[in-house]
Every structure is written in C-alpha cells, then in structure tokens.
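Listed after this line are the structures, all set down as structure tokens.
Below are two complexes that have subunit A in common, paired first with subunit B and then with subunit C.
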Partner chain A sequence: MEVKLAEFFIALAVFFSITIVASNRLFLGIKSYALQSLSIAAATTLIASIENISHLFVSALLMLIVKACIIPLLLFYVTKKLNIQRKIETNVTIFDSVIFCALIVVFSYFLVAKFNLSSRVLGFNVIPLSISVIIIGLFIMVTRRKAITQILGFLTLENGIFMAEIASTHGMPVFVELGIFMDVLIGVIIAGIFVYRMSETFNDIDTEKLTSFKE
Partner chain B sequence: MEVLIGIVQLLLIVILAPGVNAVIHKTKCLIRGQKGPSILQPYRDIYKLLNKRSVISDTASWISRFAPYIIFSVSVVAAAFIPVFSSKTLFHFSSDVIGFTYLMALGTLFLTLYGLDQGSAFGGLGSSREVTIAALAEPAMMIAIFTVCIMNGTSSISEIFTKLSVHPLQAFSVSSVFSLLALLMVAIAESARIPVDNPETHLELTMVHEAMILEASGRDLALIELGSLIKQAIFISFIASAIFPISGLLGFIWYLLKVFSIAILIGFIEISNAKLRFFRVPDFLAVAFTLSVISLIVHYLEV
Partner chain C sequence: MELIVLLFIPLLGMVASFLPKREYAFLVLSGIDLGIGVEICRKVLEEGRIFALSNYLFADSLSVLLILIITVLSFLAGIYSIPYLSAENVNEKAKSKFYFLINAFIFSMLLTAVSNNLGILWVGIEATTLSTAFLVSFYKNPPSLEAGWKYLIICSVGIAFALFGIVILFFSVAPYLGYEADVLNWTNLMSAATSNKININLAKLAFAFALIGFGTKMGLAPMHTWLPDAHSQAPSPVSALLSGVLLNCAAASILRIGNVLGATGEKEIVSNLLIFFGTLSVFLAGLFLLKQKDYKRMFAFSSMEHMGLIAMSSGFGGMGIFAAMFHMLNHAFTKSLLFMSAGNVLCSLHTREIEKIRGLFKTMPITAFLLGLGTLAITGTPPFNIFSSEFLIITSGFVTHHLWAVGIALAGLTMVFAGLGFHVTKMLFGEPSFEGNREVSFIQLLTPVILLIIVLVGGIYMCQPVEELLNDIQNNVLRFV
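Presenting the complex of A and B:
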C-alpha cells in the first residue's frame, strides 16, 4: 500500500516534469518544478517509513525546504530582477517535445527491463520513472535556449537522480545526501550569478548567442 | 428496484450538475477574496430562463429549433451510463464506453451546428474553434478511457465500477494515475474551462463555448447550458467513480466528497493559470495525449 502511494507521488513527479516541458512561460515552469520537488519529498517520506531509515526523513525535509521553497524563490527572484522576457524559447516546438516525452518514458521502461534489478528495489515502477525524469531533464537542457530554462532542466535531472538513488540504495550515508543538497543549492546560486553576468554583458540570456563569440 | 436505483443515480447527476459548477465558481471567488454568488445561483438562473420565451433568428433552420433539445437529452442519456453509488445504472446491461463517448460527441456536433445555423459571425467562429478542440481532445479521451477498460478487462462502465469497488487498490497503479490525469485535462478542455476557454467572459477574441450560444435565449439557452453542465458533471463523476468507488449509502457520501474535491481542485487550477492563446491549446491537449499514451504502455510494461 505505501509502496503504491510512493509510486503515485513519483508518477506525479513525472507529470510535473512533462508540464515543465509543456510550459511556455518561465513562471509556470518554476511552479511545476516546485510541485515536482514537493511530490518527490512526499515519496521520500513514504520510502523512509517503509524502509525505516530515519535519516531519509531529514532528506525529505531538506528536499521540502531547499528544492520546493528556496530554489524556486531564487529563480523567481532572478527572473524578476533581470526583467527577462518570460516567454520560453525552444529549438524543438513544444508540441513535438511533449510527444517526445512519451517516447522517453517508454524507453526508460525498456532500459530498466534490461537491468534486471527488480529484486533489490522496492516497487517496480520507481526506477524507470526516475530514469525518465532524468532523461526529460536532459532533454529540457538540450532543447531550451535560455539559460534559466537550462537551469530548470538541470534541476529536474538532479531530482530524477535523487529519486533513483533513494530507491536503489535504500538511502546513502547522511553526509553524502547533505553534500548533494549543498552542491545543488550552490550550483543554482552560481548559475544565477552567471545568468546575471550574462545579461549584464549581452543584454540577453539566450545561450545560442554564446556561439557567436569571436576573438 | 434496479430501474429505481438507476433513475435515482441519473437524477442525482442532473441535479448535481449546476451545483458542481457553482462550487468551482465559489472556490475561485473565495481565493480572490470575493464573496461570490450563492451555490444556488445557477439553479435560479436556469429556472428563470426556463420560464422565458426563446427568440430565434430569421435565418435559422429546423436545426436551431431541435438542437437545444438534442443537446440536453444526449447529455441526460450519457449521464444514465455513469454509476454513482451502485453499478446498477439505467444502462447497466450495455453501458459501453464507445457508445458513451460518441453520445458526448453527438452533443458537441449539434452544439456546433447550432452555432453555425444562427447566421451570426460569432457562431461560426465559436463552432470552428470548438470542433478543433474536440478533435484534439478525442484521441486523448479515448485512449485514457480504453486504458481504464483494459486495466479492468471490460468495456462496460458498470462492470468497471463493480471490479474497482472489489479491488480499490487498482486506482493507485501508476498507469491509472496517468490516465486519470489525462482525463482531468480532457475534462477541463471539453467543459470549456480556463486554460482552454474562459466561461466568465464574452470577449470575442477568445470565447469558444459562449460564442456558439451567443444567439440562444430563454428556454433554448437554459437547455443548452444545462446540457453542458451535465456533460461537465459526467466527466467529473467518471473520474470520481474511478478513484476508490464504494457502493451503498456510504458510497453516496464518498461520491459527493470526491466530486466536490475535484471541483475545488479545478477551481484551484483555474485560478492559478492564465487562459492559453488559442494556438497554444494543441500543446495543452498534447500533454493529455502523452499522458494517456504513457498510461496505456506502462500498463503493459509494469508487472
């Protein structure tokens, strides 16, 4: 029952990563990311109570504070401060990329069938769903043109890795988890500063323009 | 006795339909910090309209005279398929999903014909938009409903209800989560709610549903509105029936609870999203389609 409920929350996380792909406005993407982190925090809490690992509760709490509150607020702040045009620009049309997400989910199911790790993992669906979150994150990073959306892609990817790690290792040592959270937070802050510098120098945060650098 | 239960369930959906809409509207008003109209307001509106004479344009043909009745009756017949607290609906002997979905499509067809028939520019505009949305929403709806059918091994809505009330945990499998999310999105699109159409305004640039019924008045308007409200209630009831259904009196209270929580959820979705540009609607429905395809394939792949 609790495993089913955990799977339900991870399915919600996949849904929210698809809404990040589908969002045409930055704020919608950031809100979706916050909701995705929230559902992963809920899933982590459930897994912690199933496996009876106390430090996973700490991870869930950190997930709630860092990824569902601080990072989205930081991204909102950067977006507002820089007066970035809130429209998301893509290399692939939104319609095509949403349809592609279905292929990604199916692909990750087939991928996991090759691994043959069902005996060690709780719930069959957890690993394929988290791998699809990882690949969707990669997909966002590759196809979106603005730096902020690429950060969103990176964060989605990181959420997927976190989920896969929780489900397959039954919780890593607590210092590793804390280190990962610090890494992500610092990474987002650095990326935010980078975006700020970029918009100061070029008046734009389109990463395509970085290719036209000449000495 | 079975017929009696069926009639009670049918009447329940018909009576509840304006109330569900009122709850959605009330939720939005409360979040905005407004007082909002009373829950009974849509009932009063429909009662008032039913007592008024309808005016039909000179260019209108027989379609305009018949369409309101067809739209209303088709919705009522489709409502007779939906189990509320017992699997003994009026059509429980053959409550087939394909018949059910195409009854809904028949209502849409006559609504669009009604819009075209009035000879006003807005009607044709609304009809063309409505057909576009319906054509895009249909694959997502069909695949999502078929997935629910395949999961339960039957295409009869009553039998799905029976099986689900025996194995309530089924509703928590990953594939049914995806298909229910897809159905929720289709329900929002089909009942002309915010990311797709705004039911509160008559802005000619954006209106879809309102443009088609702009010329309707009096009794005709009441019947068309009631038909659309019943359609919305049917979608919400279908989703509610697929989540932990219980039969019996307790099931009735549980049903009301589920329907009103879904209505409040829709209110939240409406208040926190802007209306999409019309050419962005395919993207919204693409998400629903993707979710339904994922749910279908995941059903076969998960153990």
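Presenting the complex of A and C:
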C-alpha cells in the first residue's frame, strides 16, 4: 500500500514537470516546480519509512525546505523584482510541447526496458519516470527562451536525478546529498543574480538576444 | 593531516580577502600551500598513497600531479594579479570579491584533486563552476555577462549528467557492496571492479554519462561551446587558472572513472570513446582557431585542442598515459604563460582584436618576446616542453596502431600551428598601430618570465620526482585505462 502511494507521488512529480512545460505564466511554472518538489519529498518520506533508512528522512526534509520553499521563493522574488513580462516565450507551442512530453515518457520506458535498469527499491515504474523527468527538464531548457525558465528546466532535471537516486540506491550518502543541495541552492542564487544583471544590461532576459559569440 | 591543512589554507584565504592587504595575504597563503603541496609530493613518492579524514581524502600520484599544478599556478597567478588588478583600476570592493572567489576556486579544485570519494569529487567540480561564474563576468559588461551565463548553464547541465553517471555507478556496485558512503571511494570501486563485483552494463552507461558530463567541463568537442567565451572574457589570471588547472581536474575525473570501467576488462570501450572525442576536439579546435578575431579566444581554442590531445593520448593507454600526464603538466604552464602575456597586451592596449594590434615588438618589446616564444612553445616547436610530450603522444599512437586518430590529430595540429603562427606573427611585426612605449611594469612581466623559464627547462630536462610521479600514474594509478 505504502509502496503504491510512493509510486503515486513519483507519478505526480512527472505530472508537475509537464505542468511546467504547459504553463504560460512564469509564476505558474514556479508553483509547479514547488509542488513537484513537495511530491518528491512525500515520496522520499514514504520510502524512508518503508525501508527504514534514517538518512532518507534528512534528504526528504532538505527537499522540503530547500527545493519546495527556499528556491521557489527566491525565484518568485527575482521575477517580482525584475518586473519583467511574465509571459513565457517558447520556441515550440505549448500544445506541441505537451504532446512531445508524452512521447518522452513513453520513450523513457522503452529506454529502461532496453538497458534493464529496474529499481531494486520500488516497483518498475520509478526509474523510467525519473528518466522522463530528466529529459523533460532538458526539453524545457532547450525550448523556453527566458533565462528564468532555463533555471526551472535545470531544476527539473536535477529533481529527476534525485528521483533516480532514491529509487536506485536509497539516495546518495548523506554528506554527498548535503553537498548537492548546497551546490544547487548556491547555483540558483548565482543564476538569480545573473538574471538580475542581465535584465539591467540587456533590458530583457530573453536568451535569444545573447548572440555576441556566434561562431 | 597535510591534506586537511592543504584544504584549510584557501578557506583561510577566503576570510583574508576581507582584510585590507588581501593581495599579500593571498600571496603568503598560496606560498604556504605550495610548500605543503611539495611536502605531500615528497611523502607520496616515499610512502605511496596517503589518506586523511577516515579515508575520504587521499593523495596518490595523480592527485599529487594536480596539487602541484594547482598550487604552483595559483601562487604565480597571485603574483601576477597584484599589478594586473591595479593596472585595470579595480576598486577595493571588487578586489575583495576577486580574491574571495579565487580562493573558493582554488579550494574546490584542491578538493577534487584529493577527494577519494566520487560524491565529494562531484560537489567539488560543481563548486568550481559556481565560484568562477562571477569571475568570468568580473567586468560586468554585456559580453562577459553572456559568457558567464552560458558557462553557468552549460557546465551545470553537464555536471548534472556526470551526477547521473555517478548515481548509476553507485547503483552498479551497491547490490554487491551495500549502500554505505564509502562504497563510492576510488579504492573500494577499484577493488570491486577487479573482483567483478560490479554490473558491467551499468558501469558502461555510467562512464558514458561521466564522459559527457565531465567532458563538458574539460572542453571536449562538441560540449566545448562555453570554453572559448569564458576563457576569453575572464580576467587574465583567472583565464590562466581556468585553462591550466580546471580542465585538468575534469580530465583526471574522467580518467579515474574510465579506470574503474577498464578494470572490469572493458578497456576497449573506454579507449575508443576517449580517442574519438579527443581526436574530434583537436580537429575542430584547429578549424575554429583559423578564423578567430580575438587573441584570447584563439588561445582558448588552443586549450581545447590540448585537452583533446590529452583525452586521445589517454585512450592509447600504456605509454599514452605517461604522455598525457606529461602533456597536462606542460600545457598548464605554457598556457598560463600565454594568457598572462596576452593579459599584458590587453592591459596596456585595451583591445582584444587581432586586427587592431600591429608591431608589438616596437611598442611592447618584452611582452612581444614572451608572446612569440610562448606561441612557439604551445604549437610544439622544439626545444620547448610541449614538443617532447606531443612527440611522445604521437609515438604512442603509432606504437598502438591508431593511425587514423594520429593522422587526424596531426592535421588538427598543423591547422593550429598555421592559425596561431599567422595571427600572432601579424600582431608581433609590422608598423606599430599604437604609439610610444607601451610596455607594462616590471612586476607584471616577472610571472610570464618565470613561466617561460619553466617551459624552456621542462623541454630539455625532466627532473626525477616528476618522472617518478608520471611513471607511477602510468603503472599503478591509471593502469587500466
């Protein structure tokens, strides 16, 4: 029962990564990210109690504090402060993107079946789902043009890797996990400062306008 | 104990960057760190591997090689930064930021060099990206912001792939060894691999991800796109460190993971992938280098070429490893020499464009001399050190019958020689485009002169400790690549 529930939360995380793709407003994307992190934290807590692994509780708590609260708040703050146009600009229409995401999920199942990567901890579904979150994260980074949405794409990718970690190896060792969380948090702060400076210098954060190094 | 002190000193330097005499504090601290590095080298040569912090930190001959490159170059960069920053009229607040970040950068590189644990290594490599992102965009002008953003995003994604690779590697050994933290230690991974307690298919997948991920950081084509921008926009002492040291740290991580896979008996795939990406990088770097308009960018492409050579040569295995490690050492010093002489030109003439600079021999004679000899050295002209290591690389390629790879790499090297020779000759000779004597101060010339001496001596004479280190890397540390 609990295993099923954990899998449900993992599936919910995939759903929220698709809502990031589907959102046409920055705030909606950031909220989806927060909810995604929240559901991963819930899944982690469940796995920790099923398998009785104490350090996974730490990871779940960090997930809740850092990725479901601090990082979304930081992104909200940057978006508000910049007063940028909050519409998300895309290279691929939202409709096409969502269809594409569905294909990504199918493709991940195919990949996992091919490499025989089944999870030892949870059911068969978790590894393919986490790989699809990783690929969806990359997809967001490639197709969305605003600098903030690129950060969101990176964070989604990172969440996918976290899901793969908890499903395959009960998470990384605890001090490594701490280091990863710290790196991600500092990375988001630095990226936020970059976004702020770029909006001051270029009057925009559309990355299509960064073209001084064309080869 | 030495290892902990080695890591602690840059942390102290981060604090010291808030003091008024921060330049000199940095110089003193990096000098001490250099001393500790030499002591670690001596100890490793005498006693073999040393461990610290319940085996999470260690130093073998590969780490010692990296430690020596990092500490020597950061000390020299410390000397060079003092006149450089004052010539650029950098204010006190920015100076404080500069020294804070450069200490963080050195700390994270040392951490990757001495970490026994793959997880800590990953944290260290990601920290190098974070600490240098603001150094790349130090001048806050539009191109440097763009370069910094590109660097941050591309390298973070690359490193995330490497993390995924590490997770898979953990997954491949965990069923046999358990889920404890020290399973990720190199020493345990190696014994698991040699005793076949590893899922080989997963290990292959892990190596592929690690190669893509750390390869991004190392500047292998086609993941190199951040490298020329970041290296050309950063202040020159930082360019020297980025190019001379950081790329090597990433290269060492790839080779260590490749060594784990190689120990399972899957040598072939490691060497083929390394040779493929290496050769591709050398060739593409040659093509791009021909049409560059910015001289710092041109030297950045040359870094990409040399990283390609290192990857290719490691793929040859055996003597190739010796050659690759020797090349790593030589490239670090030679490229720093070039970036610092280019920094002198930029500092005095304030332009990055090759077209606008003519007749450097008349306006800046000593810098022109350094730049000219440095270019000869980096393109592999005898009697400089790069010649001997490139000669070894080519020889080991022929010995192991990789004729195609060597052929393509030689074509790339020829293009690099033509490109660098053509552009730099134009800058050095002809009617001066600037008037009067524009030579920089004595102290700003001191560091490149020291580096030139090292480069020249390294080409003629190989001192014994270095030879022992390189032999040990070939025969013990990276024996399975």
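Going forward, the second predicted complex is superposed on the first by the 208 of 215 C-alpha atoms of A that agree within 3 Å, B and C clash if a C-alpha of one lies under 4 Å from a C-alpha of the other, contacts with A are read in each partner's own complex, and residues count from 1 in each chain.
The rule is simple: contacts are C-beta pairs under 8 Å (C-beta built on N, C-alpha and C of every residue); 3 or more make two chains touch, one makes a residue touch a chain.
Remember, predicted model here, so these are calculated numbers, not experimental data.
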#### Entry: Partners on subunit A (subunit B, subunit C) - clash or fit
fit
### Query
After superposition on the shared chain, which partner residues are touched by A:S54: those of subunit B (first), subunit C (second), both, or neither?
neither
### Query
Which partner does A:I94 contact after superposing on A: first (subunit B), second (subunit C), both, neither?
first
### Query
Is A:L129 touching the first partner subunit B, the second partner subunit C, both, or neither of them?
first
### Message
By residue count, which of the two partners contacts subunit A more extensively, subunit B or subunit C?
### Response
C
### Task
Scan A:I18 for contacts with subunit B and subunit C and give back first, second, both or neither.
first
### Message
After the superposition on A, what does A:G187 contact: first (subunit B), second (subunit C), both or neither?
### Response
second
### Message
Quick check: superposed on A, how many Å separate the nearest Cα atoms of subunit B and subunit C?
### Response
21
### Task
Under the touch definition given earlier, write down the residues of subunit A that touch subunit B in their complex.
1, 4-5, 7-8, 10-12, 14-15, 18-19, 22, 24-25, 28, 31, 94-95, 98-99, 101-102, 105-106, 109-110, 113, 118, 124-125, 128-129
### Task
Write out the stretch or stretches of subunit B touching subunit A in their complex.
169, 172-174, 177-178, 181, 272-274, 280, 282-284, 286-287, 289-291, 293-294, 297-298, 301-303
### Query
Inside the complex, what are the residues of subunit A that reach subunit C?
115-117, 120, 134, 138, 141, 147, 150, 154, 157-158, 161, 164-165, 168-170, 172-176, 179-180, 182-183, 186-187, 190-191, 193-194, 197-198, 201-202, 207, 210, 212-213, 215
### Query
Which positions of subunit C touch subunit A when the two form their complex?
117, 119-120, 122-123, 126-127, 129-130, 133-134, 137, 140-143, 145-150, 152-153, 156-157, 160, 163-164, 166-168, 170-171, 174-175, 179-181, 184, 201-202, 205, 228-229, 288
